[in-house]
């Protein structure tokens, strides 16, 4: 887990997010990693491999979307009660440049955290020796689903 | 390739789409299949496997998005000149029900095919013994990129 | 109120929608009209006037959006309990052709009506002597807000 | 025209944008004003009047959308050649809080300005004695349409 920025979520929140991330079969299949968890802001990283490309060799918009959606979902989760789950209601994503580079960094940032719905900004950057470039940008709406206290055992 | 509906694209178009689909590393990784190619309408199918799930065992929104984006992109491609390529500009997707079932069927349907931009409707259905249910719906904007005749060798 | 199609909502639903529509200052300012109310499907019409145009003389995307949003919102409302209100969570709209013609017809159709959220398809057509043409297409997410029975007095 | 921030576009760009804005019948009907033009960033303001409201007295999502779309479109235009026009391809907008207050400020900011397509971030704030609050956020895709030099007479 990265510690390069000063602000990280509490250990409890980091563990809850990492535990949930590790249960996502798709994240494992893609080879994606959870690289930073801060209150309202989460980063997921994906290395460039042939297995995640489209027909021209760039990273497939579906893989870019998957890590963006996951980053936004967990960003929203960091601001919810410990027993809540979060579901993506919808999202929109612009693919603004070909996703080429060593790896992608997807960042989800909470714009608004409401009682029922949350809104996140989604950004995906391609990182290479030439620098860091925005390859996708979008916005996501999520709904919080309260958990059942008897089944969770999570302390605040 | 399915032949259950009367309308299919020409052999040339089917081969062009299948050839492009087979070069998509992500489609192979997910285990997705191109199951129908008609003018302006393409279907991609994805079987439920642990490797494509999220933390609750449903198919991950990223996998649902990947097959929807691919279906729409190829639907738009069927209506373009043989040397053209298509790129996703953006898309929006609502996840309307948990993606649970034996497999998902993603259908991209062209709403408008313009000189530069095309618009597609995206629908994803979950199929199980209980029937067929809409799990995602959205809309996608694509841009056509003219190819270079000298490099293609594709006959009309 | 148009009666050209066989399926209309009940008198109670029509009155509820028309009453709400008449309280929308923007609809009156634009000169828009509620022209059909069916369960899960509502149509709003806008005549072409200089006052609703953009700099090239076409109807402004904002006016197209306003009638599309209103049509979708009321389509969702027709399927909710009499005391509910509906709010737009978000929507996406593609402007697929210049909005030119005698008038626009915006149609909102419910794709999914859930306990909390509804999803609507949005379509706007321009009508002229040359026929009827799709000028905008999109999708909208709405949230139902339960009303308070003591303040409504509406019978089921 | 506001001069409260140090960075403004050139006089030529401001005049081009203001001239185009003044030709928008809908902006005049709504009573909206163009309040700041900077390279890649434009602000449009709308005062709260009964004529722009929806059934609960808040400013109608359609009016919020209209000023957001206009702000984004002109933000993109400031970065295009003098003879170009800009058209909205599509946009998505989340309504994150009721639009209540003295007036709304819509800000369009260019995220990416390409040869053909531009992407803008849209934000709308409600301003009142209590402060400034985000009421809508979204993203917009635009297409540049080259003008014909013989018809424009605009100097660079």
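We call the chains A, B, C and D, going by the order they appear; numbering starts again at 1 in every chain.
The criterion applied here is as follows: a residue touches a chain if its C-beta (ideal position, glycine included) is under 8 Å from a C-beta of that chain, and two chains touch if they have at least 3 such contacts.
From a predicted model like this one, the values you see are computed outputs, not experimental measurements.
Asker: Decide which interface, A-D or C-D, involves more C-beta pairs in contact, and give its chain pair.
Answerer: Most C-beta pairs in contact, of the two: C-D.
Asker: Hey, how far is the Cα centre of subunit C from the one of subunit D, in Å?
Answerer: The computed centroid separation for subunit C versus subunit D comes out at 24 Å.
Asker: Just the number, please: Cα centre separation of subunit A and subunit D in whole Å.
Answerer: One centre to the other, that is 30 Å.
Asker: Give me the residue numbers in subunit A that touch at least two other chains, ranges are fine.
Answerer: 89-90, 92, 94, 138, 141
Asker: By the document's touch definition, which label belongs to this structure's chain graph: line, ring, star, complete, or other?
Answerer: The chain contacts form a complete graph, every chain touching every other.
Asker: Can you name the residues of subunit D that touch subunit C in the complex?
Answerer: Listed in rising order, the residues are 20-21, 23-30, 49-56, 60-63, 65-67, 69-70, 85, 87-95, 138.
Asker: Show which residues of subunit B lie in contact with subunit D when the two form their complex.
Answerer: Against subunit D, the touching part of subunit B is residues 89-90, 92, 116-117, 141, 143.
Asker: Which of the residues in subunit D come into contact with subunit A in the complex?
Answerer: Touching subunit A from subunit D are residues 92, 94, 96-97, 111-112, 114, 119, 121, 134, 137-139, 141.
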